[in-house]
Amino acid sequence: MADVTAAPRPVEIVVDGVSKAFGTVQALNDVHVRVRAGEFLSLIGPSGCGKTTLLKTIAGLVAPDSGRVVVGGRTVEGPGRECSVVFQDFALLPWATVQKNAEFGLLLRGVPAAARAERARGVIAKVGLAGFEHAYPAQLSGGMQQRVGLARALAVNPQVLLMDEPFASIDEQTRRVFQDDLLQLWSEERKTVVLVTHSMEEAIYLSDRVVVLSPRPGRVHQVLEVPLPRPREGAGVRATAEFARLVDDLWKVLRKLQ
Amino acid sequence: MTPGARESDLGRTGLIAVAGLLIMWEALGRLDVSMFVPPVTTVAAAWWHLVGDGTLTRAAASSLVSLVKGFVPAAVLGVAVGLAMGRFATVRHLLDGWVNALMSAPLSALVPVLIALFGIRDTVVAATVFMFSFFVIVVNTLTGVRSTDPSLVEMARSFGAGEFALFGRVYLPSALPAVMLGLRLGVVQAVKGMVVGEMLISLVGLGERLIYYGNTFLIAELYAVIASVLLIALATSQLAQALDRALIRWK
Amino acid sequence: MVVVLRAASVIAFVLLWEWAARVPISFNFPSPWATLTALVALLRSGAILSATATSLQSLALGFGIAIAVGVPLGLVMGVVRPVGRVARIYLDLLIALPTAALIPLVILSFGINILSSAVIVFVFSVPFVTMNAYGGVRDVRPHLVEMAHAFDASRWQVFVRIVLPSALPMILAGIRYALSRAFVGLIVGELLLSPFGLGRLIMASRSMFEHDRMFATVLWTLLLAGVALTALARLEGRLLRWRT
């Protein structure tokens, strides 16, 4: 049983020649990506480029037809303890409270009740939901529900955080606050993060590097470096000329793929 | 599934409507419109009398015992079969033809078959209750399992849930509202089965009393028994609803 | 694969039945083959067909009137809200009551004849036809009515062009469910009423210990109900093709 109390060290992810087809659709074709330990990487691209499929392959939810994914030196053969996923539609158990939802990952890993409860309370506070432990998802806004999703993912002390368009169902103001909070949390406990997004602004704002995938078949089209200094939260980064230029560069790349 | 029928709503409108009905009934009875419409007060008197001499209580007791004997196995087995069918496609394909066909079939046609099997005994009533409620429970449970949100399943898998954990912590709680609906509908069907079974074997219980008073032209007593049957039907239905509300608080 | 499983379950059922017939749990359990031969004999002699005709007469009469009364009643309930609110209480009670309990009363009031049978069928089916017509009208999307008013439609036009088509799926679903209830009422009524139709045939065969004939008639009855309901479902599908 993995120790869920020690701070994990972030690990490297190697996607090595991964291909995946669904029926006649080639979602991914010979994709090579290397994510450095502790790096924040975004995956972006037009619909059908396979970014979500790639994320799920790293998570071990989808098995590649060929090639492999190596996380922290071990080949991925199914959902593993190194990775935690945050989902676009939150995927919270509607019949469970915030507390129980946050405990879910720990529950599945056999952590005893008292330790679970304590750890869950801790992460709930960290994501800013202290006091809401006994609320049900139906009583929470979208942003708050996603915070629970994040708490759940963090509670199991993963070395890798995988996020599948986590802010897509959240309004923009809430999204910006959340993004800053995410960066703050990440700076405190460095993990390797892979984030799938539709938003160029978000990709540039959050990441160290942005991988652009092209569709049909899905493959890596280009990788952009984001040399903006950290910390970025609350530093007015969005207003800088460099930020605008980077977003525009990204847009130029994406526009050619439309 | 009963399309269109909502839960009986005994709010203020309800009480007024029922009161109005009783008043009109009393009036019609007094006016002697038909020998088959006695005044409410006569029916009430007959009812009181039957309770007093124990006939009604004995019949009701026998009926309720058969109800429980038939419904409990139907509930347990029905949920089990429904879960199996929902979870395993093979089981589903094997059984769903039968379940769907028998759910809307006139199952009372099978009561003579049950009589051929068991003879004229009260076991037939329990068997009829079972038959009437089983299929509704299976279908609703099955639907509940099948309509589990796939993203919840994926989420649980991502945290390493195995088959058992998936079933116990995702499929089952997700299906619970549908299972409760199936049980509620099942109870209603069970009461109907109880009455039909008892009327057809004409041996014991409230159903037997219905046949008896019908044959002997004791109209007021007949109405009294009908009212008792209605009361039992409403009571069991309300009980099932209360259980439902108690178990499912998260909606 | 699915077809194989379905076929397998039918075969398993027949085998189970065959086994049950041989095991001496009850001396009067006919085998599948005996049932089949009895059915053929009944068909040849015309007994089952004339019983079916009688039964279907009661069914058609009772069910037809249930639709003719129930649908307009439900529509009125939906359009005139106060009527709907009160009437639905009575209907809810009627639906809650095990309708079979009313059969002795009906028999007393109408005698032992086809009219009684038809009335029983009527009582079994009319609440569902009505409640569904009511529900269908009540659940019309207010948006659509608003839209029609924006185009200056009259009350009648709104009713015919918006409310009715909107309510149609629910009305048809109610009719289909009511048909299954009508069959239930028909069979229970006839089993108790005795001198008529398929119910009579079932009870007569039983009391004469001709269990193979009884089983055959029960099987025939179930098949009849199944065919009728499937046909109605097909019709409903055709009428609601826009619902894909």
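In order of appearance the chains are A, B and C, and numbering begins at 1 in each one.
We adopt the following convention: contacts are C-beta pairs under 8 Å (C-beta built on N, C-alpha and C of every residue); 3 or more make two chains touch, one makes a residue touch a chain.
Keep in mind it's a predicted model, so treat the numbers as computed, not measured.
When you average the Cα atoms of each chain and compare centres, the chain farthest from chain B turns out to be A. By number of C-beta pairs in contact, B-C leads when B-C and A-B are compared.
One simple way to say how far apart two chains are is to compare their mean CA positions; for chain A and chain C this gives 55 Å. Each chain gets a centre from the mean of its Cα atoms; for chain B and chain C, those two points are 18 Å apart. For the pair chain A and chain B, the distance between C-alpha centroids works out to 50 Å.
Contact residues on chain C toward chain B in their complex (touch as defined above): 1-2, 5-6, 8-10, 13, 25-26, 28-29, 85-86, 88-90, 92-93, 95-105, 107-109, 127-128, 131-132, 134-136, 170, 173-174, 177, 180, 183-184, 186-188, 191-192, 202-203, 206, 211, 214-215, 218, 221-222, 225-226, 229.
Chain contact summary for the complex, chain A toward chain B: residues 59-61, 79-81, 83-85, 87, 89, 91, 93-96, 104-105, 107-109, 136, 138, 152, 156.
Listing the residues of chain B that touch chain C in their complex gives 2-6, 8-9, 13-14, 16-18, 20-21, 34, 36, 90, 93-95, 97-98, 101, 104-113, 115-119, 188, 191-192, 194-196, 199-200, 206-207, 210-211, 213-215, 217, 219, 222-223, 225-226, 229-230, 233-234, 237. Across the complex, chain B meets chain A through its residues 149, 151-152, 154-161, 165, 169-170, 173-174, 176, 248, 250-251.
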